[in-house]
Amino acid sequence: MVDLKVKVHELEFKNPVTTASGTFGFGEEFEEFIDLNRLGGIFVKGLTLHNREGNPYPRMAETPSGMLNAVGLQNKGIDYFINNIYPRIKEYDTEIIPNVNGSTVEDYIEVTERINEIEDINAIELNISCPNVKEGGMSFGISCPSAIAVTEAVREVYDKTLIVKLSPNVTDICEIAKAVEGAGADSISLINTLLGMAIDPHTRKPILSTLTGGLSGPAVKPVAIRMVWQVYNAVKVPIIGMGGIMNAEDTIEFMLAGSSAIQVGTANFIDPEVSIKIIDGITSYMGKYKIDSVSDLIGAMDVEELY
Amino acid sequence: MKKIQDCKVLGVKNLNDDTYILELTTPETPEIIAAGNFAEIKVDHTPDVFLRRPLSIFDVDYTNKKISFFIKITGKGTALLKEAELEQNINIIYPLGNSFKPEANGNALVIGGGSGIAPLLLLANELKIKKSEITFLLGGRKNTDIHLFKEFEKYGTVLITTEDGSLGEKGRVTDHSIFNSINGFTKIYTCGPNPMMKAVGEIASANDIPCEVSLENMMACGFGACLCCVTETHEGNKCVCTEGPVFNVNDLKW
Amino acid sequence: MVDLKVKVHELEFKNPVTTASGTFGFGEEFEEFIDLNRLGGIFVKGLTLHNREGNPYPRMAETPSGMLNAVGLQNKGIDYFINNIYPRIKEYDTEIIPNVNGSTVEDYIEVTERINEIEDINAIELNISCPNVKEGGMSFGISCPSAIAVTEAVREVYDKTLIVKLSPNVTDICEIAKAVEGAGADSISLINTLLGMAIDPHTRKPILSTLTGGLSGPAVKPVAIRMVWQVYNAVKVPIIGMGGIMNAEDTIEFMLAGSSAIQVGTANFIDPEVSIKIIDGITSYMGKYKIDSVSDLIGAMDVEELY
Amino acid sequence: MKKIQDCKVLGVKNLNDDTYILELTTPETPEIIAAGNFAEIKVDHTPDVFLRRPLSIFDVDYTNKKISFFIKITGKGTALLKEAELEQNINIIYPLGNSFKPEANGNALVIGGGSGIAPLLLLANELKIKKSEITFLLGGRKNTDIHLFKEFEKYGTVLITTEDGSLGEKGRVTDHSIFNSINGFTKIYTCGPNPMMKAVGEIASANDIPCEVSLENMMACGFGACLCCVTETHEGNKCVCTEGPVFNVNDLKW
């Protein structure tokens, strides 16, 4: 039996495969397709303090090997989550990790405080990288001072595992990664979406109501792998990698680059069973290459003798 | 129960240059389909189509394990499906979405435009079982856009408009003379281009006739996971793929 | 007859379709495939002061809808170009635009001075965005002070059309664009490649000898369109857009976003005739939508009534 | 003259699970091919293969307008080409690259491993025309990796090594007993995996026998535009697609 367990700070995942926030609803949407108990964890849809309607339709554009979204954190607010959704989904035997968002530092603090009261939730993912909101979101994640400010503030009120999710839309990802590590992050997840845009040449209109949106899917994978590798070499905290993962081979690539766990995002839309297939694929890979513990793959890219 | 299934291509029936029916065999007895339900279809072997494509379920044959789609070519995915080879596997997720709520013992006006007629034969069947009278109003740009006339005729009267006047009355569906006296209808059901549905909805509301519309918003997943497909309603944004595609027109904030 | 002419500062292109540096050799490589005289222009392979061998093999990795390259500016140096290559290619009835590179500001100046002596060359493209060299290149293009320094220095010694090519690997592309505009750029071309990486899950080795490389191809198009649109709204100088253009529709998308001309890059590898097909495709598009002059499309995205 | 052509699939002949011959009909008389020339093939209808794939030209039939490829499946593109349908169009750019320089009236040792045998039958034909004697040495992991024995036999002696000893001598090609006495050979030609060619090259150099190797570097374009495919030589980096794929082993800095 291969050992699929990985640790991200104090969080223990039964395997490195989790699902990315905003691409997996609250897990329930996939109940008819897969056994959710098999997942390492579920990063639920981005939560804010109050109800948010998100951006106007259209919010989606298909692009080569990817898609743009401009959902804009539509959700019913943290209290609704705690009272109406969490009681149902807490029954799954997997880590449920809320994705925390805000327009101001105070928002982030308040959402975190509410989650802190829930005993079984062992971690939060602080999203300082949403490109689809006018206030907060990515604006926090693209400069060190603001990234530090929000991380420190949340750290103050949260003592379980604090994962900070970074934006790839920056000149120097290591600088930001080191900043949030210094501010108390227990783990770094990356990448959120790349800022992109699409225009319909026939109507001559932008496809998204917000003009720009977030690019995800296989198209971004090379950028994500590069950033995971850079950050892996810059910080000590464990990394949760994502960006374009479609199968087990992509997952291995992310782990070799330095990810302790990974999140499957856009791929869930195309194949709702993909996360389970990835878990099975990792098991086969480990069998083939005689790897006993999946954690041996973390950062294990072989750079010694190149060619 | 939603299923992900590989279905074999049984045939592609061309109705004209840009419209066809795709028939698939399901590996087991198909799920129970209500009019308005749709499937998310994976278009394989192309670098250009990344996401699945939502298509209404046009017909289902529980005995012979068949399910079919009425498709109008609007782009890359719908063009490629037309080239599907016999016996090729096509992966679908279905049934998705809610469905029309056919009224019993009523007098139904069923309006379709373009690919919007896809769910209307199943709807007609349900209406007939519930003993409603049916009048169909089908619109198109020209006579070759009007499909399945004979099939619709089995269920009721079929009225037609074409923009060039080559078949039925000239003009758009809402220009049809039937709208001069629609108070006899107890419910309107419509599916087609948004501008058409909006115009129909306005007439329905003005005449206090209940009206259901089936939306075709762009979708990334089709089963409630991405929140890309929303439409604005009086109760906030709603998912067209799970809370729709069929809506009561009065709920929509168009 | 539709009018395909566009102007980029003092440069007149017979049509907006040019080919991207590093993806079209010196033009000659395509002579057997297409009529080079039909092109708006040819941006030739990146030139440096001295001979450069570039990076070790392997220099290429295929990625979803794109590729990574780590060529590293292999070329025989500016003098070789002037003496041995230019005399042959100057016969083409199209704009030949050298792509100028350097490890130091002095290098850039010297290469520019040599080119300045050639009468028929009407413009240069200053590449401050190559991600594949250890010194110079992208490091100039990702901070305002260095982008300004090199642009000003070259402006000093060059009085024909000066195009500055920007890197997308920055937090704020507008900031850099305004900086080089202020420093004297007559036009801005973008985007160069996005920094990416790929690992072979089976050998566990990086695929490129340099670990990281530049991502190009359709995968990057949404990012490129977004940046062109942002820069179009930030500066007054004309923009030459590129990044993932595969066909005429993509070209229209770039023009609507604000490009006065475009460069076709990676697509040339897959279809050496693509640039000519694009010119023909634009002509058909203009016919279909009754557009007389292609320059009416520049920045003509319709944002008035969105939906 | 390099051409970009749509060629029709005439057939796929399976040699074993992972090796096959793809035959195409060219729209006009094929270009003149020299042994070592290759084509860049567009693998269509797949989201996974973005760039063309370089393949040596295995055979050419000027009269019947045919051209064929000997292909070993190593990944997505080569796997997909095997599924090519009859009559399907495949776009190729050819002929590309330089070629072997077959010596006249010599005594040739021609060594192939894996897909490296692809250009060797054309080479054998050229050598025969130039009146050279030929000895082939073919290597593989097991007996089923040894292909086209009969075809090679028409041109000369065929020696074989397999790593598991199931055919010919056991071991790698360079373990073959022929290397105990190779001074009779006037030139060595080889194509196969890099480690094999390096080993062969070392023996050739040590014995002062001229040796040509055909490299299979990864390529983005295949016609000199990208500079991705270089190999290090004593005169600096050279493009394998235009200055190669065939090199004199002494020029390479391996």
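Remarks
In order of appearance the chains are A, B, C and D, and numbering begins at 1 in each one.
Quick note on the criterion: a residue touches a chain if its C-beta (ideal position, glycine included) is under 8 Å from a C-beta of that chain, and two chains touch if they have at least 3 such contacts.
Here the structure is a predicted model, which is why all the values come from computation and not from measurement.
In terms of the stated touch criterion, chain A and chain C have no partners in common. Taking each chain's centre as the average of its CA atoms, chain B and chain D sit 55 Å apart. Here the CA centre of chain A is 46 Å from the CA centre of chain D. For the pair chain A and chain B, the distance between mean C-alpha positions equals 36 Å. In chain C, the positions touching at least two other chains are 56-58, 63-66, 217. Within chain D, contacts with two or more other chains are made by residues 47, 50. Taken as a contact graph, the chains are arranged in a single closed ring, with each chain touching exactly two others. Pairwise, the chains that touch each other are A-B, A-C, B-D, C-D. For chain B in complex with chain A, the touching residues are 1-2, 4, 42, 47-52, 93, 217-232, 236-237. The touching residues of chain D, counted against chain B in their complex, run 45-47, 50.
Those residues of chain C lying in contact with chain D across their complex are 22-25, 29-30, 32-33, 45, 51, 53-54, 56-60, 62-67, 69, 71, 74, 217, 266, 268-273.
Residues of chain A that touch chain C in their complex: 56-58, 61, 63-66, 68, 142-143, 169-171, 194-199, 201, 203-206, 209, 211-212, 215, 217-223, 225-226, 229, 244, 249, 252-253, 256-257, 285, 300-303, 306-307.
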